[in-house]
Amino acid sequence: MNFASDNAYTAHPAVLDALMAANSGAAMGYGADAVTAAAEAAIRDLLEAPEAVVRFVATGTAANALVCAQLAPSFGRIYCHDDAHIETSECAAPEFFSHGAKLVTLPGQEGKIGPDTLARALQAGAGVGLNGGRSALVSLTNATEWGTVYAPEEVAGLAALAHEAGLPLHMDGARFSNAVATLGCSAADLTWRAGVDALCLGGTKNGAMAAEAMVFFDPAQAEGFDYRRKQSGHVLSKNRYLAAQMLALATDGLWLDLARRANAKAQVLAQAVQDGGGALLAPVQSNAVFATLPVAVHRAARAAGAQYYLWPDKSAEGADPVPVRLVCAWDTPDADVERLAAILRG
Amino acid sequence: MNFASDNAYTAHPAVLDALMAANSGAAMGYGADAVTAAAEAAIRDLLEAPEAVVRFVATGTAANALVCAQLAPSFGRIYCHDDAHIETSECAAPEFFSHGAKLVTLPGQEGKIGPDTLARALQAGAGVGLNGGRSALVSLTNATEWGTVYAPEEVAGLAALAHEAGLPLHMDGARFSNAVATLGCSAADLTWRAGVDALCLGGTKNGAMAAEAMVFFDPAQAEGFDYRRKQSGHVLSKNRYLAAQMLALATDGLWLDLARRANAKAQVLAQAVQDGGGALLAPVQSNAVFATLPVAVHRAARAAGAQYYLWPDKSAEGADPVPVRLVCAWDTPDADVERLAAILRG
Amino acid sequence: MNFASDNAYTAHPAVLDALMAANSGAAMGYGADAVTAAAEAAIRDLLEAPEAVVRFVATGTAANALVCAQLAPSFGRIYCHDDAHIETSECAAPEFFSHGAKLVTLPGQEGKIGPDTLARALQAGAGVGLNGGRSALVSLTNATEWGTVYAPEEVAGLAALAHEAGLPLHMDGARFSNAVATLGCSAADLTWRAGVDALCLGGTKNGAMAAEAMVFFDPAQAEGFDYRRKQSGHVLSKNRYLAAQMLALATDGLWLDLARRANAKAQVLAQAVQDGGGALLAPVQSNAVFATLPVAVHRAARAAGAQYYLWPDKSAEGADPVPVRLVCAWDTPDADVERLAAILRG
Amino acid sequence: MNFASDNAYTAHPAVLDALMAANSGAAMGYGADAVTAAAEAAIRDLLEAPEAVVRFVATGTAANALVCAQLAPSFGRIYCHDDAHIETSECAAPEFFSHGAKLVTLPGQEGKIGPDTLARALQAGAGVGLNGGRSALVSLTNATEWGTVYAPEEVAGLAALAHEAGLPLHMDGARFSNAVATLGCSAADLTWRAGVDALCLGGTKNGAMAAEAMVFFDPAQAEGFDYRRKQSGHVLSKNRYLAAQMLALATDGLWLDLARRANAKAQVLAQAVQDGGGALLAPVQSNAVFATLPVAVHRAARAAGAQYYLWPDKSAEGADPVPVRLVCAWDTPDADVERLAAILRG
């Protein structure tokens, strides 16, 4: 029973089928092949963004860090949530790729930055002068690290603040599919129509083996980006195998279908948590449940072999109740979900 | 009436005399000259550290950033106070020089990190895995950015925590002289005897034109450092002019004499603040006063031409009382100090 | 008829089978899975190096640049051939990952550095002082960029020079399999027994989709390496899919079998070149032919649809004879090889 | 008798006078002072460039590396001479500041890049694709590392090639004053009128203690530059002392006067070399003589205590004739010049 992460699960068969289909004959390297072209087009279609520049990499850390470095100079300030993946979970990759950009982290309930918080931070950032560096980028995560989502109008409000300050808006969409599935909006509504400048569109947690798309809605903001990607070792020579994965997800709405499956499993667990006397730490709006469990329930789950992280404090073992993070993937076995749910209900 | 910063004031005549004395005849470049040798020896003597590696640069930001990069890899975590100069005032230079090291900032009353806070942070840092990077360095500022000082035993306590975690301890001593002058201890007591591994010893704010020393008490920790300094453009070709400044300060206790002068001026202002209904935000233990002033007093000071920063919130103009920072240099005119003190008294 | 690169071809079916086999059930991320453990063990076995640290990445540029940055500081000098991939074809990735290390390029017949050349360069490097940086690493490519190979004794001679100078030896083995297949030696003979400290073992050009191994024979030299890899975005979350590819190649000698196939195709072309009045620019010792073709032959090949690069001067179109590079992969169709060979024979 | 470098000598008394004059009263830090404003204006006047952005740093390496990083991205190619200071003598600072830009070095007689060589290199650079990086900058040194000068029309020719390729032109003018003194042209003729985009104007070798100006003739190319300088630790807090030095040199033509003095001394040595059977390796057009000396003459010079470098091969000791570099400063004692000249004459 693995609820540790959505990256603990498998790739969808359609992804493997796409790899096999791509595995035929010669193709020019480094993205100059037909599968890559098709996959880039498919992502542009998915986003209703015919002019967008789309590129692929194999990890979410690479995607985020490359986009951050593209949009922020070494002396830039990047505004993000306290719990943003780029701050907590990428081993300072954005700083490394940008050569020093500072992440200015902002508090916010349930993983979301509020507009007042952002406005104040941008105002403060405008006054730090050479000492504090130059404001460069606002980064949102959607769905957030707390499993919540920003609605299009929320994104639009934050984007307006960023743009007023002259900054572009980056969206870390490692779980973008889960957000769209919950919101029922279009991918365009949640991105460029709301003012997002660059999107990292996750594939790995959505059913790929290892594939992420980076999307610049304004091609001018992608100037030189291919060199940047190459210099960091993130251009695959046999790029078709990377592209094929994203193409499979983008085909026939598979990306949304898989996200819906994962989200639904999380809803089952969320209900069970509440039924069993646990408390949700945040509304369950994507594929993860953040909750506190009575310690007896936690112990029963562990005894049954359930794998998950204590969160946000991994050292909270022994607390009562225990704060936990339960993540579902598209293919977390329903039997496992039901079994854990039964335990959670007490 | 300039109380904005101790870098707003002049170099001591002895420093200029030393420059003139050094300005004679040929000398090999890049530090291979007699003045440099004498100055390095003088700093080693001052610190009672005959084995230490001593080098000079022209700015405090360079000194701090070079030492941080020497002691922390790109994936390192550097623990420092929320208000540390390396965090707030160096335009992400430590991140730039180290290529990405993350400053993990810690709260603490009056600019000081408490041992419990550091212990918890180090414990947390030990658990972040690859995601969060590797704990690499603890950095203290003494005197702090709030004008307070760490006593030798406080430094020793924090150093012990750092060393237990396998990390070296860096001391940003831009105002180290002011701390020693207040504490009445030896420079050795406050550094290597207390467990400090590397010291940035400020000269600029202490009466030099532009000179700082970097000291590694364990030569092994300075391995390759000269290349690092060279690559960052911080090796002066006519190095004798840099060294002469530090030599002048280290001669006949001038460094301590000047620090005492600055500290004494701050005491005058501190008393005046309290006499006039203001409140000290932190004990005045070096050459700066952090206080809130009744807005009427603030307005009177401004009307009289007093220059100083609102602090820590530069945008606090209009608040009542107003938080301010009043910094004295060795040569802040006594007349100015008296004049401002009179205003502060109301 | 694609002879442009060995990365223009496909992954071996066994690689895809391994992906499918790995695509089952939950597995912890970031390499903490059984497939990764098995693949690392397989590479250690292949190299008869039970203590070696083995890690995987998806591109050869990442592998080389990460190892270079691990073994050379920002102020380091990395000695390599004028035509080394790290110099000509990685968009300055080694400089980026190391933050400035300088590639000192050395001439050499047929893509190989001679011992006298290396000895002189290391001697010169010992005298450049701070100005020129510190000698840090020697990097060889085997098979070379000219399709030739260093024999174990040649590697040993160069390694001895490097080690005498206190430098480790890196081997870029993007086509290591082709070299071993030609030499008939063991992988251990060509690496650690000859003094190689770190090997980048290519999988992509050898029949993987996107997989390379980095091997440090002395674990001490891999200190901190996992953080470095993580910070550069090269740790895959679903690492089993990366490892499975290398495991497939390492199983039952598939890696050598595929290399032999590619090498044999190159021999066919080499003979045809000579039969048709072309001249080999270097002995054909791996899977590529470097030759000059009579312009008529070149035109006939192009007319028949043969894809390949002019080399080393891509702008040599119009020269007579024309210098070309013809690369074979394990699965370059024999029919294509025969067809091109017929054209080459004139 | 020190002929090792022009940085082995002293600062002109006017520079020290300027320091003393600046050493009075309070002044806001980081360049917001009257002396800095005056010095920037003086450099703009000297260059007849009223719109130029002028900034100061303390070392030539910092000046060059900051400008290179401003004008070239991490994936940029910087074209320079094989013997350019940025290539041979700055410990890979341009690579460090730019985070990886590659110096593409070009051969050329007497330290100068010929237009055909540059044209071919730019054409080749246009064809290297992602593999080789993107052409970003052309850098000239004037006076060159061989003591020769580019005339305005030569600069204009090279600048035209750079601009046609879309690249800006940087001039390393560590000895710019010596070049202007020889050419008798205006500083404007040799820079912006000839197409130079950014100039590093040396002060240190021209009679300052430690001061260099960086000049961007097009302010748009200086966008964000102050942050870049700050982040690298090269903004002095008491900036007036840096600026005062450059102001002194720019006042009443002192910079040219000192350069003429140094140049004249070199002419004396050049004549003596030839009189004594030595051979000039390059025309003596600035303040250094590059020559081969009969070994007997060399030994006599060494015996008399003359300090100078063998050059370009520092390990040429024992060759006959011996290649040497003899550098004069504005204040190399005439007695020393005469004494060495007498020895050189044999």
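Here the chain labels run A, B, C and D in written order, and each chain numbers its own residues starting at 1.
Just so we're on the same page, a contact is a pair of C-beta atoms (placed from the backbone, for glycine too) under 8 Å apart; a residue touches a chain by one contact, two chains touch by 3 or more.
Just so we're clear, the structure is a prediction, and the values are computed from it rather than from any experiment.
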Centre-to-centre on C-alpha atoms, which chain is most distant from chain A?
D
Using the stated contact rule, I'd like to know whether A-C or B-C comes out ahead in C-beta pair count.
A-C
Using CA atom averages as chain centres, what separation in Å is found between chain C and chain D?
41
Quick one: chain B and chain C, Cα centre-to-centre, how many Å?
50
Distance from chain C to chain A - Cα centre to Cα centre, in angstrom:
34
Within chain D, the set of residues that touch 2 or more other chains is 74-75, 90-93, 96, 99-100, 130-131, 133, 227, 230-231, 235
Contact residues on chain B for chain D in the complex?
2, 4-5, 7-11, 16, 19-20, 23-29, 57-63, 65-66, 90-93, 96-97, 99, 204-205, 209-210, 227, 230-238, 241-242, 307, 332
Give the list of chain D residues in touch with chain A in this complex.
30, 73-75, 99-100, 130-131, 133-134, 224, 226-228, 230-231, 235
Per the touch rule above, chain C residues touching chain D in the complex are 74-75, 88-93, 95-96, 99-102, 123-124, 127-128, 130-133, 314-315
